[in-house]
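Two complexes, one shared chain (chain A), two partners (chain B, chain C).
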Partner chain A sequence: MTVSTATEATARPGRRLSDEAFITSLVAAVAVGLFIVASVAVPNFFQPLSMLNLITNNWAVISLGVGVSFLLVSGNFDLSVGGIVALSGVLAVWFAQAPDGANALSTGFGFPTWLAIVCAMAGALAVGGLNALFVVALRVPSIIVTLGAMMVARGIAQVITQGSQRNTNLPDDFGVLGNLTMFGTSVKLPVVLMIVLVLVAVFIEKKTVFGRLTYWIGANPVAARLSGINNALHLTRLYLFSAAIAGAVGILLASEFKSGFSNRGTLMEFDALVISLLGGIAITGGFGSVIGMVFGALILAVVTSAATGMVLSPDWQFILKAIAVFLAIVTQTWALARRNR
Partner chain B sequence: MAVMTQTASPDPVQPASGGDRIARFFREYYIYFVLVAVVVLLSVANLDKFDLFERGNFLNQNNIINILRVSAPLLTLAGAFTLLMVSGYIDLSVGSAMSLSAVIYALLAINGVPFLPAFALTVVAGAGLGAINGFLVVRLRITPVIATLITLSLYKGLALLLVQDGVSAIKSGGGLKMPSWFNTYGRVGTFLELPAAFWVAVIVTVILIVAQNRTLLGKYAAATGGNPTAAKLSGINTGAIVFLLYVIVGMTAALAGIARSSFMSLGDPLSGDGMELTAILVVLLGGTAFSGGEGRVIKSFIGALIIMALTVGMLTLVPAYFQTLVLGAALLAAAASNHLVSRKESRS
Partner chain C sequence: MTGQEPDAVLSVENLTKDYPGVRAVDDVSFSIQSRTIHCLVGENGAGKSTLVKMLTGALKPTSGTMKVRGADYRPGNPHDAREGGIATLFQELHVVDELTVQENLTLGMEESRFGFLVKSDLDRRVVATLKAIEPSIDPATRVSRLSVAQKQIVEIARAASSGASVIIMDEPTAALSEREVERLFGVIRRLRESDVTVVYISHKLDEIFDLGDAVTVLRDGKHIATKPLSEVAGRAELIQMMIGRTVFQSYTPRDTVTDDTVLVARNLSNHLLQDVSFHINRGEIVGFYGLVGAGKTEIARAVFGADRFTGSVHFKGKDIGGSPERAIASGIALVPEERRTQGLFTSMTIRENIPVMNLRRLSNGGVYRSSAERAAAVEYVGKLSIATDTIEKHAEKLSGGNQQKVVLSKCLFADADLLLLDEPTRGVDVGAKTEIYAIIRDLADRGNAVAVFSSELEEVLGLCDRILLLFSGSLEEEIANGPEVDVAHILHVVTGGGEHAVQ
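Let's turn to the complex of A and B:
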């Protein structure tokens, strides 16, 4: 419908790069370019610690971006992830809290931590299943479904926490997972998990039938169905995959802060969508890559942290995000159109 | 987005059986039954504690007036949003546009601009915000969801920037004082004890109902949503229609912002947050197909009344933190039932 050139992503013979690789390199070049500009222009930007922070501060959104990217490639939205982050964190805390609290908000089920985590993951997967049910079986447009599911998930989290948070009466081992530092450095477990997740996702995307089917369905759902692909099953798996990632992120965040907060993850679904778009994933489906999404996240991180370094008020982040996405969409469309002329 | 839908018009050739006629009647008027059902349920829910019209019960006069007063922003928006969705497009930035308008209006007022110029300037600004959306969607051909997501972020950022650091909203203080007329528009009863903001919402809705039923705008919007290619081939300037609808939505978002800002007596840069979801919810509740082609302004108006009655009336029954869950469930239910109905119709 729009950005239509993006879907005609068939590499012509004799070309070294496919359109997809071309866009990914473009995004990577922009990320590196911005990084160099920021290093020169912004005082105190070029420091090992701040460079590390670009990645470590964004582990949650990048992880969510993996699930969201796969769904976007298949031609569907997932705007429910922010709500799932809140829900799974709140559930994990609720199940783990000792049953002898002084008031309702400090009283839970007293499950051992591992069982609380399993139950919280089940809650997250249930929301993923809800998404799949409405999108696949009832064929309701995914943007509406996942926005509704986001509200339902966050709504349940708010009911469980009575609109605020649960953070007392927790077993000591609940705070281990989110705060575990790795390899004797300050890098925490969630960051390592995010890197592993990205590597696995890239492998699935490029080297497995599952990954290629995702592109096929996104590029032309009707053709995919007519060639015997079970679209419904595939999309269901993708929604469960995305919900599982969001559930894990929510549990890790709850563990890191030792609290289940019903407003955690607010707007994370939009950030995950924004970095996917910055990374060159086409909203029409069938085009884009996880690597591009990671570079998209880097672009956003460089821009926002450079803005903070230049002592702009934090309110600027919304405007910067808007400008970045706008420029990304326009240049990507333009570059592809020029290339395939 | 709109390519796959068939316009679901009743087939004139097929003779309607009795069951069909009842089904069609119900489909046409269900929204009024839902409104009546919600009102009745909320009225009897507290009967054990209060009399029917006593203070504390839903049907109490002051309660009804209060609900209609706080409904003004949503009621203003619902009609224009319906027409936009009928034409197969969407505007996720209405909440941010509303916040930004509220801030602009409060800034003008606090700096000494009288009511009418401040009002007019804000509506013009709202039209400008809508025009930006229209430009991104129609001229630059960016997908509506993405284009309005960009402006959602942009308008929200602008609204936050217009409010000084360290202050949460535009309000009296720091040598500036909000004029005394500021909350008259959204709060003080004029006709039937309801404020001007509510009557403006009614007037806007009536104008849009007339526009939908009696002018080409309504027909062209439906044609654009039902089958964009056919609409274009039959000579309709679909781009101009869509652009105009975005401008109208922007203007109603500004009116909504003024109403909210006046009601709260401040220019809150977050006051419109989540309004886009509520707007989508009431429009879907009113039976508008998400993919475009059909939908009625009046039904969305009723849908907005239902949602406001529910959200306010619910507060006497359950704590406020149930609100998100109920609205989310309503959104899913409305979307699913709509979709099932229109699928059934297009199959038969």
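Let's turn to the complex of A and C:
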């Protein structure tokens, strides 16, 4: 029996899809299906430009989704990313503004753009470090910690901008990064960075020890610790990783609009969470993939833009998102349970 | 000791329970007299808990009958048992912390009309019961403010006021201090005076002599004796009945035991352990034997760096510091007590479970070598004959024995020099047990050191070269295994009889 078991096991690797591949394909199929339905039903939906827009309009949320997905897989939430987007954008602008403005809102530190960016990133990472400190060292549930961190980050941004925005007295090169178009097309740098980020994240997730550790910790933190995994270190890295992405997104958005706005990124943390869950990442941790999250983002984008293309007013988009989330999660739970019966 | 005696409140006749491959309770007949404290003793695996589960309706007997006051009694579930007048006090408490004592006592028995609670004499009745057995507990106190012992008494009062004529208590003193035990005994004696029969299960033999009126001894699922404790001549006779004359050890001295000490632990102390010191040699299998709560798991976890402790652990001459990460890096691996919650990633596949304790072996500069992972999984599935058709099977779908083999594979893959095995065969079928023993012996033969933490005497005697006996957090005695090992003496020590023999 021993021998036959072993050879059988070698003879059939991957003949059956893993649960993860199964759910990812399911999500992808839904995204494609919805896209086809929308193309048929919604006038002017099927145009090359609108397809491209589905991705380019969502670069910020997809980027944030990468960090949020990794943390969800590890069994933790990160609701602070929207707040970090606002904070890092405001900080970058503030540091870059010339020191001799006419009023408080047009007066900054006059740092060169690169230094302003570095300082803004440091601010973002500080929030990530705060998350890690409370979740890892003080063992406060991550949903509470990151909800608090979101408010702290946005609160600081609000104080710096006095509840409004800073958009004057900026050096010209501040607006370059966010508006740089690539390869002679209208595709902007942030979109390219998002694609690179997703590819790197997929590599980390599938091919590195770092990615594996995330799954083990999410599947069973107690067993992970007793198996010699340093959960604390890994979660700290994940929070810093997520905060760094959010910081970069905030800076790119500030550059794109040449302004630091304290309400920027509002509800992005929830959108990032929603696309991760739509993409099949288990809210309990230990299961899911970045690819799934990207398809989750596509589902959400198709649903909302198709709705706008039809008679529905944009006011309906929350209800549509809600329906999409409920349906997606019920379907996934049902499909997995059925498959593993 | 069969048949109907005049005043029997509960009796069982020819009661048998079969599990696949095992007869857990084998043709047991005895009866329990009304208004007595009846003790039930036997080693782990003697069939006590299976018997209790049948009495409480959690399990259905394969054959045989049970009678309460002469009438047939066939509980289909715990609720039926309550109706039949049998209540059980389990080791885990079932009280609601947020409610008051009185609300807990009436929980589930409230009377209502149209969904509204109505006053009845229930409250008066439960308060009277509580006053009778333990006047010092105020019915208006929140249960969260009570001690464990007091909560237990609340549970007992609830059972008594629900009209139970028999209350079964499964190791009620496991979590209690000495003073609290005295208090509980007072409660139990007052229960007897108020016409309640108590079935008392405990490993602590002193308690049985202190409290009991009669005792029933089970061994290997069979009924050995039921007699008044006044007719039992001390601990020795009781132990003799529990272990019988069976020679159940198959230990053969192993010649690979060396004097080369790999682990030295000095003065380990924490909330439970008291100054535990020992050493383990290369090529040796050391057994830590004691009852539940004696400190076995605590020692394993302290050595592994999973819990805080005072004292020192030196492995190969070096202090290994306090984390599982560093313990594994220096060559120690642990098979934890609870495999599903502590050992396995149940939602992941066999392939994904095996490599986790030795990632260096499977990665190159942080990049994971999936092919090596598959090869390792195939290798260990073969080596340990894990019964599965594919390495992609989820760990949760394996049987207990195969799950334990996956946990063992994890540790073997770690290439550890010292393996700490906490209850390595708990909940594992006989066949897998034998295989796991063979793996352990093979490991030691190849020069590894192995520590087995077990509450099964048979396992320790069959496997270990040296046995350390524990009782309530301290190391009582160390004995070398061999043909002339004194089983009665071991049981005497681990049930608390050896306190004054050493130290």
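The rule we apply is simple: the second predicted complex is superposed on the first by the 326 of 341 C-alpha atoms of A that agree within 3 Å, B and C clash if a C-alpha of one lies under 4 Å from a C-alpha of the other, contacts with A are read in each partner's own complex, and residues count from 1 in each chain.
Definition applied: a contact is a pair of C-beta atoms (placed from the backbone, for glycine too) under 8 Å apart; a residue touches a chain by one contact, two chains touch by 3 or more.
From a predicted model like this one, the values you see are computed outputs, not experimental measurements.
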Which of chain B and chain C A:114 touches, first, second, both or neither: neither
Partner chain(s) touched by A:210 [first = chain B, second = chain C, both, neither]: second
Partner chain(s) touched by A:334 [first = chain B, second = chain C, both, neither]: neither
Touched partner set for A:139, first chain B, second chain C, both or neither: first
Per-residue touch tally on chain A - higher for chain B or for chain C: B
Partner chain(s) touched by A:46 [first = chain B, second = chain C, both, neither]: neither
Touching partner for A:223 - first (chain B), second (chain C), both, neither: second
Contact residues of chain A, present in both the chain B and the chain C interface: 1-3
For the chain A and chain B complex, residues of the former touching the latter: 1-3, 77, 130, 134, 138-141, 143-145, 147-156, 158-159, 161-163, 262, 270, 273-274, 277, 283-284, 313, 315-323, 325-326, 329-330
Residue numbers on chain A that touch chain C, as the complex places them: 1-3, 5-6, 8-10, 12-14, 16, 18, 207-212, 215-216, 219-220, 222-230, 286-287, 340
Residues of chain C touching chain A in the complex: 304, 306, 323-325, 327-329, 334, 336, 341-349, 352, 356-357, 359, 362-363, 366-368, 370, 374, 377-379, 381-383, 385-392, 394, 410, 414
Chain A partner contacts - residues on chain B that touch it in the complex: 1, 3, 136, 140-143, 145-146, 149-154, 156-158, 160-161, 165, 277, 280, 284, 290-291, 319-329, 331-332, 335-336, 339-340, 343
